[in-house]
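The two complexes that follow have chain A in common; it is paired with chain B in the first and with chain C in the second.
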Partner chain A sequence: MKIIRENAPALALIGAMVLFPFAISLLTGEPIDAGTPKFWQGMLAQVFILAVYAISYDLLMGYAGILSFGHAMFFGAGGYVVGILLKHAGWSLPAATLAVILSAAALSLLIGVTALRVQGVYLTMVTLAFAQMMFVISEATDFREWTGAEDGLQSIPVPAWLSPTHQRLTFYFVSLAFCILSYYLVRRITQSPTGRVLVAIRENELRARAIGYNTFVYKLVAMVVAGIMAALAGMMNALWNLNANPNMLATSTTINALLMTIIGGAGTLSGPLLGAAFIHLLGYGLNVAFGPRWPLLFGLVYVAIVLFLPYGFMGAWRSWLLKRRLKM
Partner chain B sequence: MSLKQPLLSLTGVNTYIGQSHILQGVDLIVPAGHVTALLGRNGAGKTTTLRSIMGLWRPRSGQIVFDGARLDGLPTHEIAARGLGYVPEHRAIFRDLSVFENLQIAERKRGDLDRALPKLHTLFPDLKRFESRAGRHLSGGQQQMLAIARAMVADNRLLLIDEPSEGLAPIIVGAIVEALKQLKGQMTVLLVEQNFRMAAALSDFYCVLDDGHTVRAGEMAELTSDAALTARLLGAG
Partner chain C sequence: MTHLLETFSLTRDFGTFRAVDSVNLRVQQGTLHSLIGPNGAGKTTLFNCISAVLPPTHGRVHYEGRDITGTPLHRMTALGIGRSFQITNVFGNVSVLENVRLAVQARHARASYQFWRRADDLSEFEDRAMHALKLVGLAGRERQLAVMLPHGDKRKLELAILLAGDPKLLLLDEPTAGMATEQVPELMATIEHIRANGNRTIILVEHNMNVVMRFSNRISVLHQGRILAEGTPDEIRANDAVQKAYLGGGF
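Moving on to the complex of A and B:
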């Protein structure tokens, strides 16, 4: 009972997300696997996938204080690994998923061991350099046969049961489960002693070392967990789009993670979740209303949020709660 | 000075920060079971000495020996793990963590905190009262108490305390002195303190630095009984 009460808002949200496809279908009177219900399942599935990507970035930036400009390389790597293995190697999805996890772990270890030797802006630059390298490779015509070069890797053969076109509802629930599991996994980490050490490192790394922590190892762990999660999100994204393309590896994809995290509230886990939903849905809305000029308006929204809600949605919400409690 | 076996000793330690030669041959002995005050004017090298011991600055030459083993050259976290608790200046707590989490994070072995907590709560009752409060919302004195308590969670054999009275109201300083007095005889402490009266009240031994050199060391009683010597060594007495 206590567990249920403590997690009431989360459970309510999960319940709402589970019922959502059916509710839309009831409201619109359209069948659940067509028209408006199908469209909105797709929108939310994308939100769930982006949310995992944003949460993984928040673990790095919001908790451990590691500002990486190369996070997109994990997202893109996940997409390409699953795409190449499904399309060219004929692997099964479970085997390809395992390969995504292992390759992301190897990649993040490599980047971590190299980049974490330096700090601050230097670390940011090293991660950017690695990501740009991957971006260039993805566009290289030498590997066109495997990657599709600048066209991207098209028509990934997603297993029929998970097809985002024909089994949209299944894809929706798989994405939802993926998001919930990732959220709780990261929450387990951030609420564990390891999570507190990460916060301590963010605040003052020397101090954490003076207590006796090998801070390098902790940062490396954060980097590997975040890298694997981002790669899995990239994999889901490729399955959704049925393709992997160089844009997944572009700097703008990293910036997207940064924006989702900051707008939602860095260092909170519900923040990036909200940020992902906000950016994806608002982007869609602005696109419908204003056409291709929408990024311009989006820019204004960003500026307004950073000016008026410097700690993001969750930060603003928490300080409002605190103020109210102090008044009472 | 007449000494029992030293727990920590520094011999000819030279530390550079960038191009600046800050410690120019510091010799220091910290006898086990006693409080030793590291004294000297501003900029004499006291804080740098503590930071050199912890490996936060790497000494370029000289030896730092703790309990018979060399510390110099080891990474900071390994030095800490040998049993050194460091209380840096400026009330160095983690502001985003609660009081309890600040203590918990200092556990080196499972059960450290359970063992230490009753004693810490007796020494600093505020830490019990504000257990769930975030570090940033504590007063300066409470932050200082938390910083000292944090260094006592693990089974440390030596505490390095840097300027515990800095920037605190006299009444708070009094409370901290009282708490530290209770540690006397139980712990080995190396204390950096500008406030000579506080240092004198707490310490058994002293060491005076000037311009990065050790200029004199001995028993605290020798300083407290000789105001002229104190004035000569420390400027305004």
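Moving on to the complex of A and C:
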């Protein structure tokens, strides 16, 4: 009972998301696997996937205080690994998923061991350099046969049961489950003794070392967990789009994670979740209303949010709660 | 006579500038040993070399008869060496209790890697943290954010963090710096209590001469990176070289 009460908002949200496809179908009178219901299942599935990507970034930036400019490399790696294995190697999806996890772990260990030797801006630069390298490789014509070079890896054969086109509702629920599990996992980590050390590192790394923490190991753990999660999100993204392309590895994709995290509120897990929903849905809305000029307007919205809600949605919400409590 | 800490020609250069110059310091078990000297004498740098914040350019550090030169910083608490910082150096955006709890948790490396457990369930850590907070007089403030504390309380928190690590040797770098004068005796009484009750050894850097003369068992005077004199408070007061170089005949 206590568990239910403590997590009431989360459970209510999960319930709403489970009912959502049926509710839309009821409201519009359209069948659940076509038209408006199908469209909105797709929109939300993308939000769920992006949310996992944003949460993984927040674990690094918001909790451990590691500002990586190479996070897209994991997102892209997940997409390419699953794409190549399904399309060219004929692997099953579970086997490919395992390969995504293992390759992301290896990649993040490699990047972590290299980049975590330096700090601050230097770390940011090293991660950026690695990501740029991956981006260049993805566009290299030498590997066109495997990666599709600048056109990307097209027509990934997604198993029929998960086809985002034909089994949209299934895809929706798989994405939802993926999001819930990832959120739960990261929340467990941030509330654990290990997570507390990450926050200590963010607040004052020298002091964390001086009281006895081998901060390198903790930061490496954060990088590996974040790397694996971002890669899985990238894999889901590739399954949704039926392709993996160089844009997934581009700096703009890292910036996207940064924006979702900051807008929602760094260092809170519901923040990036909200941020992902906000960016994806607002982007869609602005695109419908203003066409290709939408990124310009989005830039203005972003500036306004940073100016007026410097700690993001969750930061503003928390300080509102605090003020209300102080008044009472 | 057992020396808990001993340094041999400990030297630290910054480029061509020698901040710490062939220092041989011996600190006896269970004493409060003060390190005094004018601004820029190299006191903090010497602390940094002893406590592994900075590697020495050359020289060795022995602790409990073992050579510990080159030990990584994060191993120092396990050895029993803890230090406070001249500039307040706490975890700002977490609670006062969490600051100290983290230091307790750090003594249990295995618990710190249990990423599937809830930190709040490890209540014995919180109890020990509260104990340290009570010792320094911060009980009642544990739920506040550390950055919101007044300066004097931040200095006390600094000390509580240190205590939570249960060190045998404490390096205190100007623990009273920036504190209101009337708060100083209370903090010094706490420090003295900590030393006496845990059979701990303290090396204290302090500019307040009254405090130094009153509480020290021994004093070393550092001047331009070198040890100028060493002795009991009375010997130091009577030392001509010290008078000339530092105390300026002030007392």
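Simple rule for what comes next: the second predicted complex is superposed on the first by the 328 of 328 C-alpha atoms of A that agree within 3 Å, B and C clash if a C-alpha of one lies under 4 Å from a C-alpha of the other, contacts with A are read in each partner's own complex, and residues count from 1 in each chain.
In this text, a residue touches a chain if its C-beta (ideal position, glycine included) is under 8 Å from a C-beta of that chain, and two chains touch if they have at least 3 such contacts.
A quick note: this is a predicted structure, and the numbers were derived from the prediction, not measured.
After superposition on chain A, the partners chain B and chain C collide with one another.
Within the superposed three-chain model, A:R188 lies in touch with chain C and out of touch with chain B [touch as defined at top]. When the shared chain is aligned, chain B and chain C each come close enough to touch A:I211. After overlaying the two complexes on the shared chain, residue contacts for A:V221 are found with chain C alone; chain B is out of touch.
When the two structures are aligned on the shared chain, A:Q119 is found in touch with neither chain B nor chain C. After superposition on the shared chain, chain A has more residues touched by C, the comparison being chain B against chain C.
Of the two partner chains placed by superposition, A:N7 touches none, neither chain B nor chain C.
By the document's definition of touching, both partners, chain B and chain C, reach A:R196.
Once both structures are placed on chain A, chain A residues 193, 196-197, 199-200, 203-204, 206-215 are touched by chain B and, in the other complex, by chain C. Of all the residues in chain A, the ones that touch chain B in their complex are 193, 196-197, 199-200, 202-204, 206-215, 267.
Chain A makes touch with chain C in their complex at residues 188-189, 191-197, 199-200, 203-204, 206-215, 221. Interface of chain B with chain A (complex): residues 54, 56, 75-77, 80-81, 86, 88, 92, 94-97, 101, 104-108, 150, 154.
Put simply, chain C touches chain A in their complex at residues 51, 53, 72-78, 82-83, 85, 89-94, 98, 101-103, 105-107, 109, 111-120, 122, 161, 164-165.
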